[in-house]
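Scrolling down, you'll hit the structures one after another.
Each of the next two complexes has subunit A plus one other chain: subunit B in the first, subunit C in the second.
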Partner chain A sequence: MSATNTLSTASATSVKSGTGKPATRRQKRDWIFAAGFLAPFMILLLIFQYLPLLVMARNSVYDYSLLNPAAAKFVGLRNFTDMIEYEDAAVSFGVTFLFALGVVLFVIPVAFALALFLNSKLPARGLVRTMIMLPVVTSSVVVATMWSFLLDPSNGLINGVLNIVGIGNQPFLTSTSQALPALIAMTVWQQVGFGAILFLAGLQGLPAELTEAARIDGATRRQVLWNVTIPLLSRTTLFVVVIMTVFSLQAFAPAFLMTQGGPQESTNLIVYHIYNSAFIMQQAGYASALSVVLLLVVLAISMAQMALLRSRWNY
Partner chain B sequence: MNACRLFFAGLLGATALYGTGAVAQDKAAACTAETVTLRILRTPGNYPYPAPMEAWQKENPCVKFEINEVPFAQLADTISVQAASSHPPDIIVYDGPNTQSYAAAGILLPITKYLPREWDADILPATKAEHSYEGEVYSPGIEQTTVAMYYNKTLTDAAGIKPPQELKDAWTWPQALEAFKACQQGPAGAPTVWGLGPTRFGNGQPGLVYQDLIYQRSAGDPKAAPESSAYKTFWALSPDGKSVDGYLNTPEAIEGLKFYGSLFNKEGVAPKVGIPNAFFDSKACFYIDTPAAGSALLKDPKIEWGITPIPYFKSPVVHTGSTTIGATARSKNPEIAAKFVVDMSWGEYAYMNVSQRGNLPTLKSLFPRFEVYNGYPMKVFVDQLQEWGQPRPPGPKFAQYDKLVTDALRAVAFGGDPADLMADAEKKVQRVLDR
Partner chain C sequence: MADVSLKKVGKTYENASANTIEELNLDIRSGEFVVLVGPSGCGKSTTLRMIAGLEELSDGQIWIGDRRVDELEPRERDIAMVFQNYALYPHMTVAQNMSFGLRLSGMDKAEIRRRVEEAAKVLDISALLERRPKQLSGGQRQRVAMGRAMVRDPAVFLFDEPLSNLDAKLRGQMRAEIRRLHKRLKATTIYVTHDQVEAMTLADRVVVLNKGKIEQQGTPEELYERPATRFVAGFIGSPTMNLLAADVVAESESVSLKIGEVSITVPAERAGALAAHAGSTIEIGVRPEHFLADGAADFSAAVDMSELLGPTKLIHFTLAGVTCSAMLPPELAVREGERQSLRIALDRISIFDPQTGNAL
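What follows is the complex of A and B.
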């Protein structure tokens, strides 16, 4: 509350009421310095983020091949209507949403449980912290290659373990029903450490007096966790959910390296589909249209998540 | 003082000698015109090789080379990007079946007028078909490959199998399946020694058009009536490259694909994923590969081996193809680039390039010079190439066709329904062809 007040006061004194312009020479100088510091980043952001977005939006109404972009043909909204007319876009978005849902649903509870463990005084915390962070810092290419070997339907390590417990060989990446769950499992394994570290940071930022007060009032550990810790961590949870959702919607390496979108498009994640449309199918305009839709979808999902999971508690 | 005079005299003499070019290098002395730099984009370890390039430079001393290399997996993407840039390469070494795509997109320069008069009679028909588009030749081709079936002689002998060695005795696929089953060791689907080993191409998974479209094509008949499904099955794409409707999803193709799918599923004689070096480590009895595998085994005979012709259903067929070389239409020096491309693929330069890697030449006149291809086992490749060789269905949208049909074939190998998958593939390919 006090921080908000300070900011409001500073804001009110630094700006002439109604005009938004600096009032004094010093304030003008501060504005110039601020603009100077921000300019390099803003220019790069403009050139490498927003300008390409505009070019992408423009390209989405053209039909052209990367082999001969000079022969681009204006097609209006045809690339967008093609997404409705043909089922590839719907299938790919559907697969991607399932993938994102699977990743988020598994990462959040597992990462939270790991964070609780890492925040406790139990032994081997350092070792566990290193273990769960290793997949996060390992290249996606290495992880995908390693999991391809693990999931080999004939000689993979996972099938070896299943055989020991009496379960027959599973097809995993070559099965339409098992390929996507296999990719979700791999991504959860890789991302759970990142989620755990974020939750751990949130847990360590909680004021100890609130849990202590709850305990003095007679709350059990479970009640403290459910009624105090989890509600107070809602901002962190929101952040982890949004980050994991965006990561999942942008996933490319698993589909590219492990399944090439197959079998039968069961793992045709949208970013891989966009790559495929542009570089293999030589439909760069259609790929741009898919990218525009993906951008809007990611924005919409993130905004919806922020609205639904908005923090109702402050400390 | 004398020493000083002597020094200046020496300096003057040296300057005069240098000015006349008496001590200049041969190359610099011979180049009297403006120097031209040809930019070449190729894959590592691919032609044009240093020896023929250096020999060519002696005849063309004003030409220099700037070589850029990218891995084969990124070659098509790189060409897509660089071809449209303001400074495209002058010469590209690319995957041969893309010739028509690149020609249609205006990337390649037609080289028909630069070819020697004897070229037409000397070139393999499959190579010429693959590298021509709308009556013009866009690449002369340097080397050619095709696939045949290798076998581990120790394993086949132990199973009492004698694979045929000549085309006239070639197995049908059902006969080959019996051999796979007889030679395989261990349970179907998870043996210790596979009947048919995995491909070394791509990520080792089945389905590649180059290797696996021949199953259904061989169920067709090129001599049948053009409107018949047997004829369409064999060609797998309309002659003008604009229609695939009724070419992939035919009764003959589906029968062939049912058999193909059974190898990986019901019969369990072929793995669904790659196993590095399975054949060379005696983990597979049979194995389909190009002459590259034979060349490697001739140099380092890890196993006792032989080659048998590719089996078939009704019409024997093997796909041809290799990387090839072309001059770009937007080259700043198209005449020189075209001359270099044609020279590298003709006569002694062609021999120098082909002999480097051990693949087959595209010129019939060069075959006798490669002794290894004059007798069994490598002669099987030459015979197949000349008698059964067909390019992969050529068309200006080959890359897209290749990707979509490969996905469908892979799905069949993974247990999908051939009729559904081929109907879907036809729909998707036609969508691309119609755009």
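What follows is the complex of A and C.
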């Protein structure tokens, strides 16, 4: 017994010492075992994720077309300076950030409200849970196609409903002012279930004694929510904000299938713009440079999340 | 301060085969310190949570003072509760934790500060007011939880196993502190624990619960000296009471108890009561300290194990097939395997009906 304790202490010390190298035969065996499990995934990750990323980073300093890669020409940082010089990148990033902001601003309160409902003892919770998860598990292509029908300016269901309440037909996807809000509405509808499930997990992880103590301390249900539940869910909220932001920055299907980035680039989301630059405009180098910037933005958001998630308190 | 009254209180859970609590009647006087004690699942925490308003009643009524409260929200009951896991708000400082309830009530800021500082001084946590719960030890957290309850000056204090998460030494210190605070505040206090030592040392009155029913209630001395049932006899006291089957034999001028092969003549002052059970088998309860090694032996037993506990020596032996323990003076020279002569202090034993388990 004491020998086992000594062994495990020694092993913990050697791991803690931070050399990273397995010290004992047992640790070496464990390391090989772990590497064996990790290898298939790591190899796939390397081939299909990191190598393409490296190729993309290399391509970003070349001017070349996918139709004739052999004619690629080294241009240094010109693709990046072009991004500043021409407006298209700024417009596309602007539209994308606006899209992300809209999605996050609506998803957070709606998902939180749904999570509170799912966490209550009210009836029909199971039905609501299924209903809000259905769009999450449905393919984005299916969702985008369905919403294209719903938002059709002349025969769409939504205009039909608006007509019933006395509002005339709206152009929706063909209007520069309505197309982006329409895409935001569709994405909120699709993602809110995922946000609600994340909030629900956060709510169920809160110790019940804290809300009970607040109720005994004299708090009404609303005061418990405002003073205890919401502050304690700040980590979950931050996580949902980051996840939704990253999802929104990577959105492609709505712009591709519903608006083709229009009208007048009002829905030209950055991933669609990258696709357009690479495959339609045949500017693969420029598209790679845009991708590098997008990667850095997503990376910065993720790192900010990791820094902020190191909370000052826990329970 | 207020009286608390539970009238025919019952609690049934949907999926439970039996009632968790059945027709519980309990009257607690203003300023009294009552401890609800019992094994896990006996319903003591459920009872406390029903008084707090955190659980709904299935039957009965709860009164605090002259108000029926069982249909009121917890905030309307004028109670404060200290939880087992402290339940301190992790995002607030100690001062914010303590003043939370007062702030919600809209109390004047100066008065809030005065109350918080006063409670902190009493609990010796004045230096911790700006810290967060994460930065406190278990004992300090428990003091803050008590402070949060104190500042509100409630009619009733509820404690739900508040010392369970502390180590033995700190538990002893906090026990004394809670007792001292109660003497100072003279507040009606209902305290739940499964630890009978806490119950015996803190309570004005102990209520022993078993399977959702009150087995016995009384002062710690009453419960220890005169347990009403075999369950109470076994639950109160550490080490537990030794329970032995004994045949009551009445002879011409004396009464004796036959415990296995051992026959003990009952002294005249106790013989009268036992004579009524002559010819039947009863169960006697002997506290470990009521086995005496003072020379006048009733029997001799082989010592299975001997433990020196400091102020006493605990020996374990087998009598009539039952493993018994006796608490003897520490200087007694007795080793495992040796035989020890013992006498039972028959004037101190408890007697139970072996069928019902009730005291005779």
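The rule is simple: the second predicted complex is superposed on the first by the 287 of 315 C-alpha atoms of A that agree within 3 Å, B and C clash if a C-alpha of one lies under 4 Å from a C-alpha of the other, contacts with A are read in each partner's own complex, and residues count from 1 in each chain.
The rule we apply is simple: contacts are C-beta pairs under 8 Å (C-beta built on N, C-alpha and C of every residue); 3 or more make two chains touch, one makes a residue touch a chain.
Being a predicted model, the structure only gives us computed values, none of them experimental.
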When the two structures are superposed on subunit A, do subunit B and subunit C clash or fit side by side?
fit
With subunit A at the apex, the angle to the CA centres of subunit B and subunit C, rounded to a multiple of 10 degrees, reads 150
Can A:Ser139 be said to touch subunit B (first), subunit C (second), both, or neither?
neither
Contacts of A:Ser65 with subunit B and subunit C, given as first, second, both or neither
first
Subunit B or subunit C, by number of subunit A residues touched:
B
Based on the superposed arrangement, let me know which partner A:Gly218 touches: subunit B (first), subunit C (second), both, or neither?
second
Output check: A:Pro231 vs subunit B and subunit C. Expected answer is one of first, second, both, neither. What do you get?
second
Considering only the touch criterion stated at the top, classify A:Gln49 as touching first (subunit B), second (subunit C), both, or neither.
neither
Kindly classify A:Pro207 by the partners it touches after superposition: subunit B alone (first), subunit C alone (second), both, or neither?
second
Working from the superposed arrangement, determine the closest approach of subunit B to subunit C, counting only CA atoms, in whole Å.
53
Touching subunit B in the complex: which residues of subunit A?
63, 65-71, 86, 88, 148, 152-155, 169, 171, 173-176, 260-264, 276, 279-283
Using the touch rule from the top, collect the residues of subunit B that touch subunit A in their complex.
76-77, 79-81, 83-84, 101-102, 105-107, 189-190, 203, 205, 271-273, 275, 397, 399-400, 403, 407, 410-411, 414-416, 421, 428, 431-432, 435
What residues on subunit A touch subunit C, complex-wise?
207, 209-210, 212-220, 223, 227-228, 231-232, 234, 312-315
Seen from subunit C, its contact residues with subunit A in the complex are 52-54, 73-75, 79-81, 83-85, 87, 89-91, 100-101, 104-105, 132-134, 148, 152
